[in-house]
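Order as written gives the chain letters A, B, C, D and E; numbering starts at 1 within each chain.
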Amino acid sequence: MKEMANKALRLGIIGAVAALLLAVVNNFTEPVIAERMTRELTEALTVLAAGGTPGAVETEPAPGVPQRWPIKGGKGWILELTGTGYGGPMTIVASYDTGGTVMVARLMGNNETVGFGKKAEDSSYMKIFVGTGGNRPVPRTKADLGADADTVAGATVTFSGITDALRAGSELVQEWEGR
Amino acid sequence: MERLPLVTTSPQIHAPGSTRRVMGWVLAALVPAAVWSIVLFGWRAALVITASVAAAVITEGLLNLAFKRENTLNDLSAVVTGVLIGFNMPPEVPVFIPVVASVFAIAVVKWSFGGLGSNWMNPALAGRVFVFFSWGTDMTRWTLPGIGGADAVSGPTPLGSVKLALSDLSAGIDGPMRLLESAGMPTTYLDLFLGRIPGSLGEMSALLLIIGGLLLIILKIVNWEIPVAYIGSFALFMWAFDGMQYGGGIFSGDVLFHLFTGGLMLGALFMATDMVTSPLTLKGRIIFGLGCGLFTFVIRRFGNLPEGVSLAIIFMNILVSLIDRFMKPTRYGVVS
Amino acid sequence: MNKFKTFTRGGIHPPEGKGSTSNKPIRNAPLPAVAVVPFSQHIGAPAKPLVEPGDHVEEGQLIGEPAGFVSASVHSPIPGTVKEIKNLYLPSGIKTTAAVIELDGEFSRLGKPILTRDWSVMAKDEILDILKQHGVVGQGGATFPSHVKFSVPKGRTCEVFLVNAAECEPYLSADHRVMLEHTEDIVEGIRIIKKLLDPERIVIGVEVNKPDAIEKLKAAGAADGIEVMPLKVKYPQGAEKNLIEAILDREVPSGKLPIEVGVINANVGTLVSVCEAVRDDKPVIERVVTIAGGAIAQPGNIRARVGSSIQDLIEECGGLAEEPEKFVSGGPLMGFTFIDLDSPVTKGTSGILALTKKEVQSFAATACLSCGRCVKACPMGLVPTTIFKNIEHERLDDATAFGLDDCVLCGACAYVCPSHIPLISAFKAARGRKRRLAAMNKG
Amino acid sequence: MTYIGIIITYVFVSNLVLSQFLGLCPFIGVSKNTESAVGMGFAVTFVMSLATLITWALQHFILVPLNIVFLQTVTFILVIASLVQLVEMVVRKYSPPLYQALGIYLPLITTNCGVLGIALISVNESYGPMESFIAGLSAGIGFLIALLFMSGIRERLDTEKVPKHLKGTPIAFISGGLMALAFMAFDRALLTNLIGG
Amino acid sequence: MKGLFKGLLKENPIFVLALGLCPALAVSTTVNNALGMSAATLIVLIGSNLVISSLRKHIPDDIHIPAYIVIIAAFVTLVDMTMQAYFPALSKSLGIFIPLIVVNCIILGRAEAFASKNTIGASVIDAIAMGVGFTVGLTAIALVREVLGAGTITIFPDGGVIRIPGLADKPALVFAFPAGALIVVGFLQAFFRWLGEVTNK
């Protein structure tokens, strides 16, 4: 019995020391991690705001839009959108001016295939949507792309998922802006 | 007597036949389809097929040399693999792709396991799937066949078009043929049967493949069990469940469309039947064929990959050893 | 379709090749000037020689006596003088001693009237003893001593006596001719065995490619309640286990003898020998041999004395028309090749074949394609390629588990194999190795 | 995701071994023959199902409320190790035949990263308790299937003419690679279409 | 010195012992990941070997497994947190394979087989030997996979990327997937076997 207690005690000590150590280290790293994450978010939003300043976040302003941020001074909106790609749901963030025209767009979380849909993560891929949505409609099919069609070749599903989401975003913005 | 008679173990006589003869007949049965693909796609088809055969043969020859194994080129199995790889390529494929497929097939899938007879996965199909997943865009660029192939126009395969068109299907279209029509690709069953549709080089004409396949079955080079079980179960599944996508009920699928498009005939007659990578016994082969049919159906009906036949067969290849293990013949005088 | 019975698993249909001999009556071979008589012409212990060089022997004199229970007597086929006792290899590869007898003196039996005994008054033991004294052994291939085979072990009964008249091997027609020309002897042989075994049924299994024999046997055996069962042509119908399955739908359990399922079977040639031994008091000193194959000028069936040289028999059939690829003793599927044409005919020699290159179709082995043809051909329901590969990789235990010991070495698998895999030679070698290992473990 | 979706995901689409790189050591180490492969497969399935359930509880009732998620790795692996011990004891006591069959594999499971892996994945995917359990169960079945297929192939390879240096584990890896190639048939698009329509 | 070399060839954990495979394969898509993973593993190996060998007289036999696990897990978590804080990109691409170092058979295996029986100095040397062997194995796999599967060699994600002309435009993507990884390991293993044989002669 005494031996058992002895062993339990030793194990307990090892455990406690380990837990304590981790708690201490966690104390240092947690704020660093948290701070880095907010910094990354603001950096991203600043890029998206295309010169403007992002405002406070709102959640679930509309179905299919988990989050949105106004761009201060009524210059437009930054939306988090969801689309359906080849590998299931994809997260897309995009900023629109008040006319519903895409200013900047990024493909974030996704399960697309490396070499196929994944190439949509490249900024050059998303450039083909910039400037569409307002006066120029968001491209619907590959045929609408003209010279850019090659960029999306081999990944039509991803392409449709992204363009559907962006179009929906544009329509929402126009609705909010009362057009 | 000038020379001594042979001393051999029984049996003293053998049925006529040899590996070389078996492979030779397979090649002969593939000739009509090869000729037809050259007619349809021109010199490019010849180039692709030649390149894959050459790569397969050279790889096998070099490996034999490098590892001091006896020369196995005479058995012609590497040529069969090469031809089938060529057959599985789209016409406009960059030539390095069939070459890599052949090298992978022979070096990795066949030689690593011990060469002819020792591999458990179909080399040509593994090679084809390998390059498909590596260079998918190049492997899905199709051209419309035209006699001579001179002014080939690019376009998706019927299966591909149907998949695309299905995604924004409007009401009132009752099957794949109507769907093709509405997608601006009017096609008749005869077109499908004769290969006047985009597709891989060797899978163009169901007719020529069936003729070749029947020849092999009649000559008893291949067994009937796998093609019959494969094509039969696949047709049944398609008939039963494919109509539903078009708003039809059960048993309203367009079987003919599915039988004559894509690589089904090539796969079922020439690739699932590779004896090295299919089961040893009759029961086993029927199970294998049924499995191929089921998976081809599932991948074609639900998947986005244009690869139903290849993937279904190599998936079933995995199961062959287990099938052989459990589907042994009942032994004489042994009660289990 | 299934009018005729056959066994269920496997089987093959090689070209029959019997046409050139089956319609020709049996001819007598000339008497040999020198007879080489091996003391080991049967399964079991070799006979113990009773003669020495210089001894004079009579036609049919006992020159070797059984050395043990499973052994058989050997008789001199001709009158003459023993020149020497020498060692030689039989075509089967068996090494044996043999008496070389030079013809000289009177034939005591040849041309003399046959003395007929009334065996119905004899006791069973007496009949068995006659079989033993007269050197009767099975002529269907295994040459098992008949006096042993027809002694039913205690606690067993023989329900069915099967007569193996399948003669499924290509080219051979000796049994066929014997059935046509010695029908009455066969039936008499059956009557003798019937007395020994007292079976409920007697069935003769004959393949339908011998319709004349079927008719004759039916007519001759009807009075004795002998059933004649026509069987589909398929090799190896004559292998006893498959014959039992074909006719009775019973399977002899793995590793057991046919008596386990109440069956004893014998070849038609054996029955003629039984009849001659018991009724005519004649030892086994001659047998019918088929001489055939594409290289033989005038193929036929020949009644030859044991110990005759094969060369003489071939000469008797017009010699060689072309150069043969192989000489085979026995049928082409189970027989053995040999080179020495001076080899003697033994009690078990059913045929001598001189096969041409075209008939033989031999190629160097290539890799197994797993085509499954061997599986489809195997009458025992085995997977020959798997057994082979296990042997090749030194896995004798696995090979045994897959049925190495159940294989009857019929050769059907190797016959159909497109890769010419040496299946049978591997099986034989592996069994030999197993036997040696077992002996080593014992000793 | 529906339960069916989770099952198809972890048996085929995200098969631990063939598409997630988890549990490879036993996949190579215990696949030499079918009997041991099946034994190991069942043992793993059993432990995985329980482990995902228990770690779910641990995460939601202890780590998160006490704000000590940084102890996740330590506590999860301890739970799994004790679970394996416990299972071993219980099975030995109450089912000797099962112990005979599974016993030798149980200790090996502690260092099978598949178990910890699926526990962490379930937490990352924010599955509920039942979903976690199903995920563990189907991941185990996926592992069992991969192991069974592999053992069949390796038994065949035992009697093939594999070149000397490739014999054993190298050719097992290559076979595993080819299996994974075939499993690429089961992609997410197939899954979505299957359970969605 | 000999101790160091055995980890490289004769007892190379990945190629000869076939241990610790999952992290090796999962993260070996780029050389950079492989190096990061190796470093993490090396730190955990050294740390746990050090602690375990110094505590070896104080840990009773029948609780040694849980005790070792706790020690190893603590080191792993430590590395994990540090990486998240200071190497976020690497941490993201290594994902759950960092916590999974806990069950890396090499670490527990060395703790049991070596550190529990040897002095601190010897244990650290052993840890380094095994860690270096792991690093070599992992980097070899990553090198082959990245060159074939991406046409690049990434030593540092920013600026340290070597592009291989031709391959970089049309890489054989399969090598980035598990299928390619397993095939590469198979051939590398055979290659190391052959190398072992040749160097032994």
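Note that a residue touches a chain if its C-beta (ideal position, glycine included) is under 8 Å from a C-beta of that chain, and two chains touch if they have at least 3 such contacts.
Here the structure is a predicted model, which is why all the values come from computation and not from measurement.
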Third chains touching both chain E and chain A: B, D
Maximum centroid distance from chain E, chain identifier (CA atoms): C
Most central chain, judged by mean C-alpha position against the global CA mean: B
Pair joined by the larger number of C-beta contacts - C-D, A-D: A-D
Per Cα centroids, the chain farthest from chain B: C
Mean-CA-position distance for chain C and chain B (Å): 49
Rounded Å distance between chain B and chain D, as computed from the means of their C-alpha atoms: 33
Intercentroid distance (Cα basis), chain C paired with chain A, Å: 86
Chain centre separation in whole Å, for chain E relative to chain D (CA means): 21
Where chain A touches two or more other chains, by residue: 15, 18-19, 22, 26, 30, 86, 115, 157
Of all residues in chain D, the ones touching two or more other chains: 70-71, 74, 160-161, 166, 171, 174, 178, 181, 184, 187, 189
Shared-contact residues (touching 2 or more other chains) in chain E: 66, 70, 73-74, 77, 81, 171, 173-174, 177, 179, 183, 186-187
All chain pairs that touch each other: A-B, A-D, A-E, B-C, B-D, B-E, C-D, D-E
Chain A-touching residues of chain D, taken from the complex the two chains share: 68, 70-71, 74, 187-189, 191-192
Parts of chain B lying in touch with chain C, wherever the complex brings them together: 1-2, 4-19, 21-22, 72, 75, 115-118, 223, 275-282, 285, 324, 328-335
Chain C residues within the chain D interface of the complex: 367, 386, 389-390, 392-393, 395
For the chain B and chain D complex, residues of the former touching the latter: 67, 108-109, 111-115, 117-118, 120-121, 126, 129-130, 133, 295, 298-299, 302-305, 307, 311-312, 314-315, 317-319, 321-322, 324-325
Residue numbers on chain B that touch chain A, as the complex places them: 136-137, 140, 164, 167, 304
